[in-house]
Amino acid sequence: MATLGPSGFSPYPVAVYEGILNPPPGKALMFNEIVDEEVAMREAAKAMLTRPNPTIFPGPQVLYAWNEEAKEKARLVKKMAEVLGAKIIPMYDYRPKYPKINPAVEINPNHPNLTIWHNKIKACIFVGVHCHYANVALKIIRAETDCFTIAMCGMAGHEDAMITLRDQHVEEMEKFIKIAEEVKKELGK
Amino acid sequence: MKRSRVNIRMPALGGQGAVTAAHIIATAADYEGYYAVSNPFFGAEKRMAPAESYARIGMTPIYDRGEVVYPDVIMVFHPQVITMGKSYTMPFYSGIKRRGLIIINTEEDLLTEEDKEFLESLEVKVLNFPATKFAIDIAGTELSTNMAMIGALFGAIGVVSVEAIEEGIKSRFLKKFVASGGTASLDSALERKFKKKLELIEKNLNTAKAAYELAQRWAQEQGLEPFLPPPPKKVAV
Amino acid sequence: MQTATDTVIYNRAGQRVVSPDYLLFEAPRTKHFMTGSEAVKEAVKRASVDASVSYPITPQSEAAHLIGELWVEGYVGVYFRGESEFGVMSEIAGCALAGARTITTTSGPGTLRAFENFPMWAGTRIPVQLVLMARGVNSPLSIQPDNLEVGFLLDTGCMIWYAENAQDLFDMILAGFVVAEQPDVHVPVITVVDGFFVSHTREAIMLPPDDIALPPYNPYRAPMPVIDAEVPPGRFLRDPFVMKSNYISYATHASWQWEVRSAIERSRPYAKHYLRGLIEEFGDPTAELVFVACGTAAAQAKEAVRLLEEEEGIKARVVKLKTIRPFPIEELRQAVKGARYIFVPEFNVVGWLEREVRRYLYGVSDAEVIGGPRVAGGMTMPAEVIVKEVLKLTGKEVKHVL
Amino acid sequence: MSFKIYEINEELLDVMPQEIRDLQFKATWGNPKRGVMDLPYSKELIEEHSLCAGCPESMALRYILASLPNPEDTIIVNSTGCTSLVFPHIALHTVHSLFGNQNAVASGIKRVLEWRFPDKVKDVVVLAGDGATVDIGLDCTLQSFFRQEKITTICFDNEVYANTGGQESGLTVKGHVFKMAPKGKQWDKVPFWQIAIDSGCHYVARLTVSSPKRVETVIKKAIYVAREVGPTYVHLYTPCILEIGLNSDDGLDEMRQRDKERFAFFEYMTPQAEEVINRKKEEGLL
């Protein structure tokens, strides 16, 4: 069953009400601290490599082949999962699903906690999810689970994640994979 | 006490062009180098109903807006403002400041002894000026009443030149101007009447100029000082 | 700096696209003399606006007419008159959902008729801009300035900015699009002015050239998929009924609402930059007498500060709030340090700004907060009246008012 | 064509559930000749529905979605009501906004899509219940007709407010007892198909959904005409079996009975609409 996160049962208080804002361009956010992107990437990789059942949640922007960047990012998501030894569970659309989801194979922004609880996921990466849905989901996860959340955002980031990487595109994802490989080696995995 | 601001209240009747007058007054003052703001007080006023507009001219940036409750100058555009009480205030000069000025468009003296006594106690000067008659005589239409009133104002308070008035009038009639629906149709009536815009401007200007000269002479006779120091020569920010 | 290899980009109207910073802060400006309604047109003309829908109501109608002229001139893509404010705000929502930069205007009863749309706009995360020219909403009918309606709008999930004059309004409209469209903000912005006092007042305003404009809106940076069948997921309902059809959907709804409010909070750094601060201070910074106000009330308070200084020898100052949502909490707390008396002059009978000020100063400031002076129904608030209120407090007689 | 938004990146194909893979490989995209006859053989654009078992609205939705000539570039706007519970499960870009503003929202979407994509066909379809179309949304519905918006409006007429628990609506028949009409409805059913004609619609049809093929033809005609000429209106009887006390398997029978009386098939078209329809027939698309 659920272990409550830092915010308790309700999605309130949310991070911005605790004074946490998205990092400025070129920087990353780690909990409530603005740090260099590389520092955050190392910590993110470490969390994924050391916590139980790490999982990547790719969203529609990388799942579908709607443009060249998406195709390239999909390839990198796959590679990232290999390096991190992580599972991939897709957030393929955003509807409130009826009558129920299958938490073993899918995640939904309206009740992401179900998938996290079911699979006992203790670290995850959101990538390619539209910002609003990432934020809705991350608030619920922050409130209702003890999962370490990492957001790889193509825009300004998500302060409700524990680590936020902003403006993440192909180049940055490649950089993260490289750092993850290094961390993995350092950890002797 | 030197003034640093002249607040003008213009009680008029709907259709007389008091809003246009406020606009031209403020534009001319702005051109002259003062700070200026104009605004109407709009209700659902129709023709011949009471209507008021306001202009403020000053030496420093003007924040104040809305109805001028404490005017330095009151310009009565129509005798009915006084004779029929078509005014938002009662009497029409309530709130007038010490050493203020009242210009009334009238051919006869409309003030009672009581009015005069009160105004004299505040050293307020009154100029009875037949603006409509002036407009008909010079421009050939009573629609130029507002131009005569503008000329009289600046002639009397002595702060804005004829050249600046000309700029104000041109900016009103040559540039694309936003008016309410009613004013827009009045504009086209004016244009039909005068055929050409330039002709309109010239006639308006002549009316204003003649009124300016008359009021200037009157102010000299009365020993009126200019209402404001020379313009602060505002520089573009 | 532009080099020879940089490509110059033009928008659909043929204007050169420049950065928001250039348009707002760097481009040379020239003086014009115009009304607040005309300032709206000038702002929209430089904002690469895609769509606008209008409906007549005094005093915003002129601004709406002028946006129509811009459509005829090719500066605005889509424009028509809707059936009512409820219809207009829904049509505008449709335009925004389909990926357009949109603007509309309304006033008083129109705002209330449209009301159901505002929380919907915020919930569906569209960066619509509503220019609100506040007017009375009570029965009996009034068309005059009275900003009671703003008190109703405070918690709709829209950003609320308050402009003091035509210049503020022009700059705020441009900044409004820029801030509202940030991907992590992306909620509607309501730019408020007091009707007539700004819409129909003519004053000098500094404008950048009209052959440059904001970069066009990019709907693919929005936090939700745009409704154009060009972006995944292909299966996408905006906005679903989350109250049934699945379990624990209540938490979804709660989270969604917090997200909308978070979005407003995220606008702070952007607004601070593009508005040059969320507040503006006027007068002697050491004065113990402070007016906290927005819009025309701030303008009138500035005049009162002058009168108090010149005629009574009393030092006073004004803290003008440029944003109401987000509320400039920290800025206000800093600004009123050292204050003994805080007056909150307002153009409504309920004193919604006073409530806000008290809420955020509670336990933080020792100053006495005085909710007033207050006028309503379209009344003017002469600076002399404000002075009178202050003098009452200090036990002084009023000399200059007859 | 926007079919690419349904195409899954190859690397991630293995993590996607069957229903999503089917949408890419087994749905009928890019084929204007698609229709209800594909239903048994193709992936439907509706995944599941959250309506009552046997609800005729679910049949109507399946037939309509199977008949859209251009689903990959079709936007559907709906309104609050039973159908808004189904919309999350439709594999298209759809909008639920408020109760009653659907035609206004659709007007905005259609005009902006025409402005943003002048070289593409983007169909906008409104689909709402009788309360949304004729009662609370009447103003927005009619005004979109007056303005000649190029959208197709489909009304699911179940003659009652069903989602809120069975209240009388403007389309309830006279005398029928529902909540808020405890003495029976006091006035006649609003003949909205006729009002649609008088308000400027170029193609209007009234029918039940008892015949899938007929639904297909009507929907295609309505969309083709809206695309080129102006507003079109389709009035469908989709009885609320729950509120009129029928069993789950009685819906079809109820519609067949009404086919003979107040929902007898009725069709209207303007000469411009007829020209479009004839041309589409010649092209083999109808």
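Observations on the model:
Order as written gives the chain letters A, B, C and D; numbering starts at 1 within each chain.
Just so we're on the same page, contacts are C-beta pairs under 8 Å (C-beta built on N, C-alpha and C of every residue); 3 or more make two chains touch, one makes a residue touch a chain.
These numbers come from a predicted model, not from an experiment.
Of all chains displayed, C has the C-alpha centre closest to the centre of the whole protein C-alpha set. With centres taken as mean Cα positions, subunit D sits 39 Å from subunit C. Rounded to whole angstrom, the centroid-to-centroid distance between subunit B and subunit C, based on C-alpha atoms, equals 33 Å. Centre to centre, using the average C-alpha position, subunit A and subunit C are separated by 35 Å.
Within subunit C, contacts with two or more other chains are made by residues 225, 230-237, 240-241, 245.
The set of subunit B residues that touch two or more partner chains is empty.
Those residues of subunit D in touch with two or more other chains are numbered 5-6, 50, 85, 88-89. Contacts between chains form some other arrangement here, matching none of path, ring, star or all-to-all. Remark: subunit D residues 2, 5-6, 23, 47, 50, 72-75, 77, 80, 84-85, 87-98, 101, 104-113, 115-117, 122, 139-140, 143, 147 touch subunit C in the complex. Contacts from subunit A toward subunit D in the complex involve residues 58, 62-66, 70-71, 74-75, 77-78, 88-90, 92-93, 95-99, 102, 105-106. Note for the complex: subunit D touches subunit A at residues 4-12, 15-17, 20, 48, 50, 85, 88-89. Only residues 29-31, 33, 35, 37-38, 58-59, 62, 65-66, 143-145, 164-165, 196-198, 200-204, 206, 296, 298-300, 302-303, 306, 379-385, 401-402 of subunit C touch subunit B when the two sit together in their complex.
Subunit C meets subunit A in the complex at residues 125, 182-184, 186, 221-225, 230-237, 240-242, 245-249, 251-252, 254-256, 258-259, 261-262, 265-266, 268-269.
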